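Alright, structures below, take your time with them.
Shared between the two complexes below is chain A, which pairs with chain B and chain C, respectively.
For the complex of A and B:
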């Protein structure tokens, strides 16, 4: 059907990319869980970011976030709380959305590298490095820049999300391990 | 849940090409960051107000657009008052409000299908290494998957609720992810079978 040169994505890859973009959208309908002590709502969507990397790998995972953000940008209310449209990227938390792409790619990359040695603890560590450390490293300076507040203040404010992110990394690691055992999609990068 | 943020109407803004609207939006927003000050912000706000008047979008759509960002804006305002002064704090918050409203004008006057068509039309001019067919396939598959996933999720939730596990996120997600991965594989087999590529 196409006269294009062969690309690095097979049709199956495109289907998985579309699937995880859609999973991210479906996770927006989860009611946010509010932690009793801190009062910050935890949404399930960053969980979807961790799963995208850990289940379908770096390139496909990252591209699924790109596709999802494209749909958000053209005006579908797919973010938690029914937000959507171009405005969310210009708001103070826009950096976290862009950071999702990097986070999913990084989580996928590390998962592919460590595939044969992957255990619950390693998967958890990967989700923390990609989905918390890297994500905050992009999102927090963005808040600081756009809202003109010092980096330390922006960081302190974001730390209230940390307990929720740790819970999400635990859940993501459990799901990633189950998928690895029962329906592996990732092609490991190590030891052919 | 798949109702987009479009507001029905037939204004000049509704009829404008989506690509033009996005380009104008991006340049206005960039200019607001380059030329900081009440003058440029006032001009931007006047432009956004003019667009709103032209588009016939109601005040409640404005409120609906700003409401999700409300608490974050209040928090930023308080931090700025504490760090600098009320004057600067109101500037920062006003700029966010103008940026969000400017984007809302574009979203409210452009149908999602027009945006998708716009993206695909824009892809015609993309260099040949861009996988155009695959992007088109990805966008349309994703839109089709969303309602499917919601029904799968409801099935899983009802099944786990019968076992008393509907508050357990892992017990919900594992079957959900596995089932949808399997259906994704079935979909790609179906696409192969119809020789899409």
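For the complex of A and C:
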């Protein structure tokens, strides 16, 4: 329609953004592994965040998480365990959800920058920096703030998720490398 | 599409969604400012009353949705018991439950269509910055359509794997799943462009 402003995104970009939001939602239905002790389900959803950045890049990857979280906020039960609605953002783990946006953008940015030199190890490093270090740096202080517990206690509690996140980064790196070879979508930021 | 809106029809279902969201914002700010146990306890009482008014089914469903918070409530209570600030611990745990319960209440009494209208109003000012509202609406519709299709495709791949292997498919199906999905997305994009695109 002519009264809508032109965007920098083309039809194909919008479809890819929607696709990754849907992949994130579909990953919630993968059978979650519930830790017996703390009862918080570990799911493949952070894997989806890493893949969004590493496969479709910074801007589109970040926007796909924004779109996903918008749908969660308006009340679709798309988070693991059928959670959704505004409550999840006000709860103690809300920081991780906001952190997903930053993580996907950062992973996408680094992938674009290092595109021509990308190897499994580099992709793994990128996923760890964006999907673990950066994500925890946003999510853990949020827990500490809402629960008013010291940062170190919140960090110790979150460390039980670390092994799972490292495995997810390994899988994400393998997938990012294979997609780079077989179905490249990212436009590299640097010349060869 | 399944949503978290409660099928139990309440009077709050008829209130304008924008007003409910604004009230939620103000109530959340008030909750975070109230730093005494009795204030949070009063608020908790009020919120339970709100949940109880539409009947037992609504109350039970609402309370069940708070269950995922228990590890955090336990953590807060244990920590504050450990440092000897029991009252503060009780206040923070109550505040956490109150904030989430109140937000869930808005979600449970507002239809998806009403929420989407609010989103549209909130996004309108961003048009000046170059946001195409039609693109947002298209994206939302695409996600809602893609999700069940992708879930079914993932299920098919897992079944195909199991027909050929004794082990579970696990993470190995993610790659074919993703390539399939990217290929599908390209076809959808082409079809949309052929019909005029954005």
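Note that in this section the second predicted complex is superposed on the first by the 179 of 192 C-alpha atoms of A that agree within 3 Å, B and C clash if a C-alpha of one lies under 4 Å from a C-alpha of the other, contacts with A are read in each partner's own complex, and residues count from 1 in each chain.
Everything that follows uses one rule, which is that a residue touches a chain if its C-beta (ideal position, glycine included) is under 8 Å from a C-beta of that chain, and two chains touch if they have at least 3 such contacts.
Given the structure is predicted, the values throughout are model-derived calculations rather than measurements.
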With chain A superposed, do chain B and chain C clash or fit? clash
Chain B versus chain C as contact partner of A:119, first or second or both or neither: neither
A:156 in the overlay: touching chain B, chain C, both, or neither? Say first, second, both or neither. neither
Look at A:17 in the shared chain and tell me whether it touches chain B only, chain C only, both, or neither; answer first, second, both or neither. both
Can you list the residues of chain A that touch chain B in one structure and chain C in the other? 1, 4-5, 7, 9, 11-12, 14-19, 21-23, 25-26, 29, 47, 51, 55, 67-68, 70-71, 74-78, 81, 83-93, 146-149, 153, 157, 171, 174-175, 178-179, 182-183, 185
Show which residues of chain A lie in contact with chain B when the two form their complex. 1-2, 4-5, 7, 9, 11-12, 14-19, 21-23, 25-26, 29, 44, 47, 51, 55, 67-68, 70-71, 74-78, 81-93, 146-150, 153, 157, 171, 174-175, 178-179, 182-183, 185
In the complex with chain A, residue positions of chain C that touch it: 1-5, 24, 28, 65, 68-72, 75-76, 79-80, 88, 92, 96, 99-104, 106-108, 110, 112, 115-116, 118-119, 127, 130-136, 138-140, 142-144, 146-147, 149-151, 154, 171, 174-175, 178-179, 181-186, 188-189, 192-193, 197-198
Show me the residue ranges of chain B that touch chain A in the complex, using the header's touch definition. 1-6, 22, 25, 29, 65, 68-69, 72-73, 75-76, 79-80, 83-84, 88, 92, 96, 99-104, 106-107, 110, 112, 115-116, 119, 128-129, 131-134, 137-139, 141-143, 145-146, 148-150, 153, 169-170, 173-174, 177-178, 180-182, 184-185, 187-188, 191-192, 195-197
Can you list the residues on chain A that touch chain C in the complex? 1, 4-12, 14-19, 21-23, 25-26, 29-30, 38-40, 47, 51, 55, 67-68, 70-71, 74-78, 81, 83-93, 143, 146-149, 153, 157, 171, 174-175, 178-179, 182-183, 185
